[in-house]
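Following: one structure in structure tokens, then a few remarks.
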Amino acid sequence: METLAYLSDEGIPKGNLPFDDDDLVRGYRALRRARFWDERASVLQRQGKLGVYPPYRGQEAAQVGTMLAFEPSDWLVPSYRESAAALTHGLPLATLILYWRAHPAGWRFPEGVNILPFYVPIATQLPQAVGLAHALRLRGAQNGSQPIVATFVGDGGTSEGDFHEALNFASVFEAPAVFIVQNNGWAISVPTTRQMKTKRVAARAAGYEMPGVTVDGNDLLAVWKVAQEAVARAREGGGPTLIEAMTYRVAPHTTSDDPSRYRTEEEAASWIGRDPVKRMRTALAHLTLWDDAQEEALLEELRAELEAAVREADDAPTPAPEEIVEHVFETMTPDQLRAWEVLRERA
Amino acid sequence: TQNLTMVQAINQALEQALENDERVLLFGEDVGKMGGVFRASDGLQGRFGEARVFDTPLAESGIVGFAVGIALAGFRPVAEVQFAGFLYPALDQILSHVGRYRHRTRGRYSLPLVVRAPYGGGVHTPEQHADSPEGLLAHTPGVKVVIPSNPERAKGLLLAAVADPDPVFFLEAIKLYRSVRAAVPTSPYTHPLGKARVVREGGAATLLCYGGMVEVCEKAAEVAQAEGVALEVLDLETLVPLDTEAVLASVRKTGRAVVVYEAMRTGGFGAEVAARIAEEAIDSLQAPVLRVAGWDSPYPPFSSIEHHYRPNAKRVLEAVETLLRF
Amino acid sequence: QAAKATGPYGRPLAVPAARKLARELGLELTAVAGSGPHGRIRVEDVRRAAEASAPAAAEPPSAPAP
Amino acid sequence: METLAYLSDEGIPKGNLPFDDDDLVRGYRALRRARFWDERASVLQRQGKLGVYPPYRGQEAAQVGTMLAFEPSDWLVPSYRESAAALTHGLPLATLILYWRAHPAGWRFPEGVNILPFYVPIATQLPQAVGLAHALRLRGAQNGSQPIVATFVGDGGTSEGDFHEALNFASVFEAPAVFIVQNNGWAISVPTTRQMKTKRVAARAAGYEMPGVTVDGNDLLAVWKVAQEAVARAREGGGPTLIEAMTYRVAPHTTSDDPSRYRTEEEAASWIGRDPVKRMRTALAHLTLWDDAQEEALLEELRAELEAAVREADDAPTPAPEEIVEHVFETMTPDQLRAWEVLRERA
Amino acid sequence: TQNLTMVQAINQALEQALENDERVLLFGEDVGKMGGVFRASDGLQGRFGEARVFDTPLAESGIVGFAVGIALAGFRPVAEVQFAGFLYPALDQILSHVGRYRHRTRGRYSLPLVVRAPYGGGVHTPEQHADSPEGLLAHTPGVKVVIPSNPERAKGLLLAAVADPDPVFFLEAIKLYRSVRAAVPTSPYTHPLGKARVVREGGAATLLCYGGMVEVCEKAAEVAQAEGVALEVLDLETLVPLDTEAVLASVRKTGRAVVVYEAMRTGGFGAEVAARIAEEAIDSLQAPVLRVAGWDSPYPPFSSIEHHYRPNAKRVLEAVETLLRF
């Protein structure tokens, strides 16, 4: 199976790019923003200002490139590592910060932001994404366009039964869903080679009569392009697509993981050469669309955005103990009400 | 009213739910053309079309996960799992998601979905077709559990379940599907969830039961009545949220309680009922709280002896006698 | 002074162990004053009542009423 | 994907057959025996002498052909419809009868018969079959030969997550397991076309880097041959194979099903023309290996075998109520012991 | 003896199990090179090789099903599920097979397998990493459930679980993994399954607990002692089969019982314990049987308030006070 890429490992465009200049700049900005947050997140975490956090360093292109192809009226059904996808799809940074602080206010995404929660139990969100996609199709076009669904899973997650059940349901119901497998080489300490025998998850798509594409997941443009095609297909009633983005988890599994137990630094280092942000910046520079001044201006913007978001997050009211038993049902049971009263007294 | 079996009453409830609310969708294994292995959805695909009543692939985790997504989009899915023993592959979706969605999203999303499944023994089904997993569901935060005991209640409770803003597991005793007919009002009506129902009043002891065990307790009460002992029979109907007040009121009145359920005894929902009594009505108790339940084994697939597993009136009466002699 | 305890159904409120002791001693709980909250009869109350009506305690216990 | 077949729809050999005459006759005898039991089973069921029974009429070649390729020292991990596979692999007929009578004596297969129980919860036996195969491989060759595992699943069963998890484990561990999908067109009332979008389950094998073969499941010889190849591969350390046997469930789903609710009689009738037993008998007749007298003698044998088995089954002791709580653990818990005593008094 | 944390004691038990019985195999997600996310299998792949200690693909139903097959072949699999909240995808294998195999085959096959999983809250883990699903397992016919509360017991109970002829679920409180060190005998030893353990004697009331709640109850008992109230603390250790005699003996002695568990209250295993007391020790009760448990909600993933979910010594003491005042 061939792997689509528009940029060389160093970032030099291999030929004509299927995006206009504005898009290229817009894409880079989203990519750089994703990198900025991830870098700061790890810092915040070390400062005790964030809980356990799963970094996505090295996977920005896979997530951002995918979501650039979707409209805000489409839905994102992420796993836990898709902070970049969520940011790109419109999750406010302050909400994201609160989410990773495990603050209840961060767990309620704002109205109008079509993103389902980050999911911890691996692969379980996939059948839900298919149900959602099927329901959107039943409902039909909104403002002239059929809303569709993007959903993510890791190489490890492809081993779960729900991955298979979801692909099968999606193909049987021709659901307008795009599955993105971020094949990042690792599931915590387990390399992809022990997770599956096949070298290409996309090869599984054929078993569902579904298009399956493997793409260079560190090439923003390749991911974006492939996602656009899948999006167009889904929107026009052509059913689901499986996209496999070949990438690498450069960072630890989460901020509490120690990768030196299971892999060499060299391996991770070899991937840094193919860093998706650097590649895209090189491409833009090559095309004279981006210079250091623009970069510095962007970073200034991002710093300001982050500062404001941190401030907003800091202002969120301290959670009250009784919130524990709220929102289990629309109406509390008598037991919950009693618990609520007990908890309220503790505040 | 019409004279209907329980499965017919359920069929009528589903039909009226589909009729009165466009958001209702019905799906599961064999629910479409076949109308369900018990005919609960008989005729509904024909009437409402394949978009609203349809078969799914054979995958229960997929079915329940699919239902979650459909509910998130604002529909009101009613999924059938063919037998309650086949809810097990879906328990991950149920425990990880169905019960957590509202909580996790701080109320932004709710899941107004219903999962129906036939449960329980007594009719010589093959292995694992007679399981009673209500105790597992009742220990899942965020899901409601409803188990009707007759045609009239089944219809009203099912329509209430479909209208409920939260996920409801609706278990239907296979034994009752066709064994009784009763007058069922023809127009749609609901019975509120969360309320127990006094089936029979009495002062000597309370029999606490639900689903397939209600007729067993009624029978026991009739036999006792003939001997001059008036038993109260309380049909819990909704296990979650449990109508604790009704349980306590009855036990405070009679001072004696037998909890009857057909699931395996250890860890079953009857333990919860007994525990609540021991917690809140201890000073009214004249005797221990007894449980009559399935034995601590799988429901036996061995047809010539399987009826020894399920509680019957005789066992219930033995327990009552123990209480009265205490 | 302990209250005379009857529950909403006319029977005394009593902890099970007090009931048992009363049974063993052949005491009617209605004749026992409860010292617990809501006039609930505790084991000590039964003991006290038994001592107060020592002769009664000598009688054989009555058969449990079904 | 091509579908291997050695016999025409009518049963005429298409060329040289890869079996010698003895094998051809042996194969037919096993096939005819399977048909004989299935026919009688439905009769016994109607007479109330058997419980609910899932007939396999039309699928004899898929089951018998597979098991002919295995040795008694290999293991069979069936689903519920594999009575024919079990008979062929050495399950005594009397045990089978008792099993379908739901008599406890039928649920304990005799020592030395390497068959796991018939499984009701669909597809759940597949990961177990892989674990068993992996363990057999760890243990290594016995008497010079590596024992391996055969396991069956229906087209419907392929939709369950466990199907996928099992295939993935099997390929990752290179387990000596052969998966046989009996694609019989139906999962109760759901046709394969609504169960999956792909026309060939075997196409899924590629996603696990596993050989996948589609075979005419009504051609005993084709199934047998394909199974032999898979068996040889597994035995020699070549890992698992997925075989898809295209066949048809001519009979109702079980003796309590009414297929007229969901399919036309014509459809089923069209498959009767491709009846695997008839085809094989025609082939043998064509090769002058079998005549009516031989057929009559075989039937006589089978009648005698059945009669003896029924007698043996009838002689099984009446189950005692206390058997309900026996064999839950090696040693009864105090609660079970109390239950045992209560149940014993009921006998 | 050595001074070990609980996770070290477990590591030592696993090492000795592998050493002393060639049939023992260890597997699960990240158990190999990584040595488990909590290091329970640290160093074991290095010592015993990849054939005996290995990583599996990320699929819990697959892992448990695989373990079943391995056990059927005569090995003694010890599978790790990374967190107890990820047992859910495997519940079908557990309910449908692990607990039924011996029964279904009338004793021909047994499944001498162990499934270990870290459980419970108290250490700010992400969502669903703090679940306590012991009640679900305890309501599964045919499986044993063991939950140790300290390093010394953990080692002996785990070695007993590995030697047991039946499937054992071994849940390890994450909170206890590294918080305490204790003297642990260096050579292999076993503690029998099915026995409760009196942690502390007292006459005023019995605290019934297991796993992570034992230290909470001990702390409550210490505080009470300072005020002159002697509480008995009973560590159940094995939930299935439960040592009912020990429970009853203690409650008969003290006349008062508080059951403490961190799972959601409704339908939890504590209900079973309370029900057994109400059934068999009613005569001894001087007060209701109280439960101090998790609230009826998911374990909250909200770190600044999550400690309000898990029972603590204060809540236990409030319950004791209620009992003593009753």
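Each chain carries a letter (A, B, C, D and E) given by its place in the written order, and its residues are counted from 1.
Heads up, the rule we're going with is that a contact is a pair of C-beta atoms (placed from the backbone, for glycine too) under 8 Å apart; a residue touches a chain by one contact, two chains touch by 3 or more.
Since we're looking at a predicted model, the values are computed, not measured.
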Sorted by label, the chains bordering both chain A and chain D are B, E
When each step joins two chains that touch, the fewest steps from chain B to chain D total 1
Between the Cα centroids of chain C and chain E the separation in whole angstrom comes to 42
Rounded to the nearest Å, the gap separating the Cα centres of chain C and chain D is 70
Whole-angstrom distance, CA centroid of chain B to CA centroid of chain C, is 41
Expressed in whole Å, how far the mean CA point of chain A lies from that of chain E is 36
Going by residue number, chain B touches two or more other chains at 57, 59, 61-62, 85, 88-89, 92, 96, 103-104, 127-128, 141-142, 240, 242, 266, 282-283, 285, 296-298, 301
Listed in rising order, chain C residues that touch 2 or more other chains are 15-16, 19, 40
Touching two or more other chains in chain A are residues 104, 107, 121, 124, 159-162, 165, 168, 172, 194-196, 323, 328, 333, 335
Those chain pairs meeting the touch criterion are A-B, A-D, A-E, B-C, B-D, B-E, C-E, D-E
Touching chain A in the complex, chain D uses residues 159-165, 168, 171-172, 194-199, 201, 203-210
Seen from chain B, its contact residues with chain A in the complex are 25, 51, 56-57, 59, 61-62, 64-75, 77, 89, 92-93, 96-97, 102-110, 141-142, 144, 165-166, 194, 240-242, 244-245
Seen from chain D, its contact residues with chain B in the complex are 51-52, 80, 101-104, 107, 120-122, 124, 156-157, 159-162, 187-190, 194-196, 261-262, 318-321, 323-325, 328, 333, 335-336, 339, 343, 346
Given the complex, residues on chain E that touch chain A span 29-30, 32-35, 37, 55, 57-62, 85-86, 88-89, 124-129, 265-266, 295-298, 300-306, 308-309
The chain E residues in contact with chain B across the complex are 61, 85, 88-89, 91-92, 95-96, 99-100, 103-104, 127-128, 133, 135-136, 138-139, 141-142, 240, 242, 263-264, 266-272, 274-275, 277-280, 282, 285, 287-291, 296-298, 301
